[in-house]
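Chains here go by letter, A, B, C, D, E and F, matching the order in which they are written, and residues are numbered from 1 within each.
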Amino acid sequence: MFTHTKHLQYQAKPDKPDPQFAKMLQEPLGGQWGEISVMMTYLFQGWSCRGPQKYRDMILDIGTEEIGHVEMLATMIARLLETSPVETQEEAAKNSAVGAIMGGARIEDAILAGMNPQHVIVAGSGPRPVDSAGNLWTAGFMAASGNLLADFRFNLTAESQGRLQVARLYNMTEDRGVRDMLSFLIARDTMHQNQWLAAIRELEEDGLEMTPVPSNFPQDQEMVDVAYQFIGASSGSESRKGPWANGPSPDGRGEFSYAEIQPLANDDGKLGKIDPRMYGTPPAPVPPIAAE
Amino acid sequence: MFTHTKHLQYQAKPDKPDPQFAKMLQEPLGGQWGEISVMMTYLFQGWSCRGPQKYRDMILDIGTEEIGHVEMLATMIARLLETSPVETQEEAAKNSAVGAIMGGARIEDAILAGMNPQHVIVAGSGPRPVDSAGNLWTAGFMAASGNLLADFRFNLTAESQGRLQVARLYNMTEDRGVRDMLSFLIARDTMHQNQWLAAIRELEEDGLEMTPVPSNFPQDQEMVDVAYQFIGASSGSESRKGPWANGPSPDGRGEFSYAEIQPLANDDGKLGKIDPRMYGTPPAPVPPIAAE
Amino acid sequence: MFTHTKHLQYQAKPDKPDPQFAKMLQEPLGGQWGEISVMMTYLFQGWSCRGPQKYRDMILDIGTEEIGHVEMLATMIARLLETSPVETQEEAAKNSAVGAIMGGARIEDAILAGMNPQHVIVAGSGPRPVDSAGNLWTAGFMAASGNLLADFRFNLTAESQGRLQVARLYNMTEDRGVRDMLSFLIARDTMHQNQWLAAIRELEEDGLEMTPVPSNFPQDQEMVDVAYQFIGASSGSESRKGPWANGPSPDGRGEFSYAEIQPLANDDGKLGKIDPRMYGTPPAPVPPIAAE
Amino acid sequence: MFTHTKHLQYQAKPDKPDPQFAKMLQEPLGGQWGEISVMMTYLFQGWSCRGPQKYRDMILDIGTEEIGHVEMLATMIARLLETSPVETQEEAAKNSAVGAIMGGARIEDAILAGMNPQHVIVAGSGPRPVDSAGNLWTAGFMAASGNLLADFRFNLTAESQGRLQVARLYNMTEDRGVRDMLSFLIARDTMHQNQWLAAIRELEEDGLEMTPVPSNFPQDQEMVDVAYQFIGASSGSESRKGPWANGPSPDGRGEFSYAEIQPLANDDGKLGKIDPRMYGTPPAPVPPIAAE
Amino acid sequence: MFTHTKHLQYQAKPDKPDPQFAKMLQEPLGGQWGEISVMMTYLFQGWSCRGPQKYRDMILDIGTEEIGHVEMLATMIARLLETSPVETQEEAAKNSAVGAIMGGARIEDAILAGMNPQHVIVAGSGPRPVDSAGNLWTAGFMAASGNLLADFRFNLTAESQGRLQVARLYNMTEDRGVRDMLSFLIARDTMHQNQWLAAIRELEEDGLEMTPVPSNFPQDQEMVDVAYQFIGASSGSESRKGPWANGPSPDGRGEFSYAEIQPLANDDGKLGKIDPRMYGTPPAPVPPIAAE
Amino acid sequence: MFTHTKHLQYQAKPDKPDPQFAKMLQEPLGGQWGEISVMMTYLFQGWSCRGPQKYRDMILDIGTEEIGHVEMLATMIARLLETSPVETQEEAAKNSAVGAIMGGARIEDAILAGMNPQHVIVAGSGPRPVDSAGNLWTAGFMAASGNLLADFRFNLTAESQGRLQVARLYNMTEDRGVRDMLSFLIARDTMHQNQWLAAIRELEEDGLEMTPVPSNFPQDQEMVDVAYQFIGASSGSESRKGPWANGPSPDGRGEFSYAEIQPLANDDGKLGKIDPRMYGTPPAPVPPIAAE
């Protein structure tokens, strides 16, 4: 059960409207690695968690904080869009080369110059649940598997890709208010990368899960010959000298070796016959039509 | 440029047809964490790689191998589907409780019992580019960011989620031929988890990238107060004692602390006015229609 | 900013596992009219709201409650899945005709009989962000336009479609614990249909918005001849006698009339020529290739 | 069965080409609330209608008219695109600030300035089945439930969101031909909002359906305590004074009350154990691998 | 502009309900190669057609007929679903092995046995805009390019894939009413394959378009060396003897030859440096943060 | 099993960066008719092929070559993006009118002018698996049916639509390096259109498949009356004189005739009653709630 405080976790106040940057800021809101993705990922992982309570509690803490990050980005985008395009263009004209050539009264002139048209036509100057290219957010961007190590590795990835994207955006604006909010989000991503790394260590120290995930699948059931072998399939040879092709493996259970790719069994992939009612090629003799 | 050898990397020979298991085996072929996803991810990362050649070579080696894993799964599914449903049901009747009640000649009876109907109607007993629930594969399942550490973390995740799914599937069949191929795939996932862990270490030892990603964004630009602070937003207190809320952070640059969630600035999220031509609520005075 | 209480708003305790019903219960969780859709819709509408504070406050109250409904359904689904399939089948065998024929130890036998295979393979007995047919939730299921009347009509629709679906599901189970939770959700949908109807009245009484939405677009700019005319385009004539073809219109501004469909202007839809570099049909004379 | 008259219902003749506006006009063609959505929605509702013939006839009348609206928008977009970009730019140069700086012969210069590139590359100066951000139309944008009141509320929403979007577009162009067609579409949306309101009244007067939908689910099966209670979950208190928290409910069956959100039962959401073959966290003792 | 006759083009009367077959029949309604796809494809091609009127007229004739085919399938599916599941099961029990074990009163028992649950939960016994696996129809299934030969080839494909699927379905039912309707659809697909073949011949005889499409791109601008060369990239050699590697090419402009794949230029695919603000790998020297 | 040669099949070296053209070049990479689509189509067709080995070998040859075309386009896009936007703008300023007005240091200024923002934010100057409008590639763009003639017709379509798009792009750039690579791709598409035409002829000469597909469905099971009849459903009459309405049909089995559309059976499409538990309209008497 959730409650809402009508103050943002941190302020989202741009110095001035910037509809073009509003479009770009959709990426950390509704993109593959945006705040909706981590919010939904952590909430679903928390609600599915069957591990010790310290993990469940921690996952739900961060999931709940992320709802507030979605709120901050949504608010920032609404404010970046909130003046009239006419004013925007006049403001913009003072700050950029492209802006300098605009100043007309037609809304579409601003759109020509890089807005997401749905910010006007669909949302009436509000945020959209989309990425910076306008793709709708989909649950294919999230993950919750029931295995905490597999999922914490996903979470570490999400915070890495997310911080990377926000860092890129930081350099794409000079608005001090926008940068102020981004510096908060970047710091939280720093924390969250560290948090998931610490949680991964704790899982391993608690003996709950190790590499390879899932660690309780009996390794004598896997094909041991190729479980620590780097297979070269490409014409270069630089990869052969890497630490992934020599020396002990990180899981401490094997020794890396190197081999060129080759068929390990005799199977040419040819297929057998099928039901004539598939009407495939080659066709079978006149297929039997069941009597009516 | 690629070439193809008309032998599978490892054999894909089921003991007998099993259209129901063919449906389940679509998950590691066309699901979020299936072989198409890692094939496309590694190829795009390789083609985008601007790092040292040993990394680029390594990424393309594994990407090329994965094309062959897609091939193995596609072939296995085609073979699991390749007898007529009539025969399938008779075979099945010997091996399972559900099978025992089937034996009719109507194809749809097999479908009733759990096939993906598109295996018949659309693909004529061939594999489909979908997951086990029938969702079409989408490029939203892959990642390539230009930052190797962010991407290697994704790769480690993919191999963890993938091995987890194949381990689950291993227990869902008793077909020795299917299990034989799965034991090969599980072993390769063991290798690949180790490989990405080794590559992550190498990246860090080469000084190319560290936590937090991206490591060359100047940390004095982020809001240092919250960069190592665990924020509790949930009613439990177990999370407070975890290693993510106390002690040194994994990146070696901070000390974890704990705080209850609270607004860190005074921003109630209220929005300003917008262009009357948005026809929003509240409405502005009669909006100006540009003269024709 | 949000906080989380680690108690569900109302209990989600099934009498016994039922993996088939878990699949069906995905519809009110992750379907077009499920709880994720209303949660995201209300939160985005709240964060975009520029109207009087009583509306913004009300929208965010309900949006926050809905996060807890997503939590209840996710928890219920996890519990419906949480025993081993073996036990499930034995339980099921006592309660249904289909169950009676199962009892083997193969997980896939339960799947054959109607589970979503991703509940096992992907989520390890957890909820999925999908509908009852397995489609991933997408932001194309939500709406936030900046115009409160347009959006409140969407909300009324969502609560109507949602209550309809849950009522159908209520009859599809005999589990008292599941029905207990559904009776809570149905009651909240009763409240929310009433709530949005009351809010629509209030908007109209406050003079903020009326039919037709948007009410401040000047009606003399629309083609008045057809603004209150029912146009018959189908061979039947029953529609002609309906209250939508006779008498005063609900907005109080017009009188309904009836007409058979006919072209209202002379435009045969034929198109003109285009740039030869489109390589269309008919082709233009040899298209000019710009000199290199 | 349908027939086609090769005249548009109303003319679609722009004064001059405008490839940027063609992009924007995709929203009412292929967007969430565009003409394809209402066409498909009404046709499916009509073909699924089991209610009195006057409703079925009415729904199919409007569904058939909407096919013609898709045709009008498709034709308009083709014409807005139909001159060569070179000419477009010269025309545009006379009318807008942005246009003024263009005049080169490269097609991509026009695209730079805001075209949808697929209008050139994919459709060769024709309409696309997409929205203004380029997203492909999906059947997730339509609804047909078998319950007429639930569906008529959807229809009222669609005509409200649709008219809102077209009104916004009306202000985004000064082309008299485009505005002429839009004034026709706006008028039809006025009619259709009124039509669905009249149909909703008629349904209620016929006693076929009432609030709450579905009205024939027995209300003694729902949890009456919370069926008319507004639950505050947000920090503000303005919502408490609204007509949704006091007085009689619109369905005439209850009296609104107000309560702060709190858990209504004792359920902390914790989950039980699952099958060890899920390889989840915590892991079970060595999972049993079925003997081969 | 369209009008609707309230009689189906051909009857859609099943002998008896069959909810499982209703699920399968969704493929020719809402699948990749279903009637919605051809309806939308032909209508968009017609509305985009700039060729001679005989083609435009023909395309719109067939597009209009296809709307009626969508109607027939939607009606058939509604009727296959229209009895109560209880009755369905009793009927079914007489006709199939699986049916024989059902007879309970729980709706979900029918779903267990292969229904699409959304036929009940979402559509209330009506058709859905989805394929047989439940995927929502998307405009990614259609095509309209502005080039008639490219599009007629698509149309020929669609009628081939469509007839193939309906032929498969014909064998999956013994219901005489369903087969009666399918025999109509199969015949129309026979006609339409022939129609598009005739139209392709006519286009070529009219000199409007030839192979290779687009035929008016000047062939001296393409790399002639490889324009008629079959390139072997696979280990087998059977392909070398095919008519695609020897003799004159079908367009009459070339002579097929054969070559093994090899790099045709010296390009190792390595990439150059990029802007340090991308925070990629390798990182650039401390990236410049623009002064605030 | 596949191997990779670290040289491109043909060079992909642009004269200079051009981020706007990089966006457009995404269409032949990740669009509906792009190289990913044909790569995946041919590989799946090859792995599903049960026909004579010469066909399977040929399909896999071309599928393998196409992986290399994806590589070429990915590399070209990475290079078009690889300079800093600052340099890009300076270069651009020399070549285009729009470029002339840019020269500032803000990355977003380049984006304003038509880049795909995800090329910066998500991919860090790398290629994306999307089309030119930014839509993610989906497996709904590919086809493999098990019937070779149905599939070869798809392949011929794909090579026609693909060559058309690349020809359009050829005219949209003046970069000699880009045009050089496009001239290679256009030539391969010339080859591949011819190749599939030759393969279709061979299939027919081998007697494996003929029109109508599937040719071994017994034609006496289809409704012969309408199997060669052109049905006019549109107001024009030009289509009546086409070769599709007169003379022998291309399959040599029929004679085309012409008829106006009319109902061929007496079915008004009305539906029957359904289970009261659907809560549809009209409602049934109080629906039975199963006793708990």
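In this section, a residue touches a chain if its C-beta (ideal position, glycine included) is under 8 Å from a C-beta of that chain, and two chains touch if they have at least 3 such contacts.
Nothing here was measured: the structure is a model prediction, and the numbers come from that model.
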Set of chains whose contacts include both chain F and chain B: A, C, D, E
Farthest chain (mean CA position) relative to chain F: C
Far-end chain from chain D, centres as C-alpha averages: B
Contact-richer chain pair [A-D vs C-F]: A-D
Chain centre separation in whole Å, for chain E relative to chain D (CA means): 25
Distance between chain centroids, defined by C-alpha means - chain B, chain C (Å): 27
Chain centre separation (chain B, chain D; CA means) in Å: 31
Distance from the mean Cα position of chain B to that of chain A, given in whole angstrom: 11
Shared-contact residues (touching 2 or more other chains) in chain A: 1-9, 32, 47-48, 52-53, 55-57, 60-61, 64-65, 68, 71, 75, 78, 101, 107, 113-114, 120, 122, 124-125, 130, 133-136, 138, 140, 145-147, 149, 164, 167-168, 170-172, 174, 214, 217, 221, 233-234, 236, 261, 263, 269, 271-274, 276-280, 287, 289-290
Touch-based graph of the chains, sorted into line, ring, star, complete or other: complete
Complex interface listing, chain E residues touching chain A: 164, 167-168, 170-172, 174, 176, 179, 277-279, 287, 289-290, 292
Residues of chain B defined as touching chain A within the complex: 5-13, 32, 52-58, 60-62, 64-65, 68, 71, 75, 78-79, 81-86, 105-107, 120, 124-125, 135, 138, 140-141, 143, 145, 147, 149-150, 153-154, 156-157, 160-161, 163-164, 167, 170, 183-184, 186-191, 193-195, 197-199, 201-202, 211-214, 217, 219, 221-234, 236-239, 241-244, 249-251, 254, 256, 261, 263-269, 271-280, 290
Residues on chain A engaged by chain C in the complex (per definition of touch): 1-9, 30, 40, 43-44, 47-48, 57, 60-61, 63-65, 67-68, 70-71, 74-75, 78, 122-127, 129-130, 136-140, 142, 144-147
In the complex, chain F residues that touch chain D: 20-21, 23-24, 27, 31-33, 96-98, 100-101, 113-114, 131-135, 164-165, 168-169, 171-174, 233-236, 261-263, 269-274, 276, 278-284, 286-287, 289
Footprint of chain A on chain F - complex, ascending: 1-7, 47-53, 55-56, 101-104, 106-109, 111-114, 116-118, 120-122, 124, 130, 133-136, 145-149, 203, 208-209, 214-218, 221
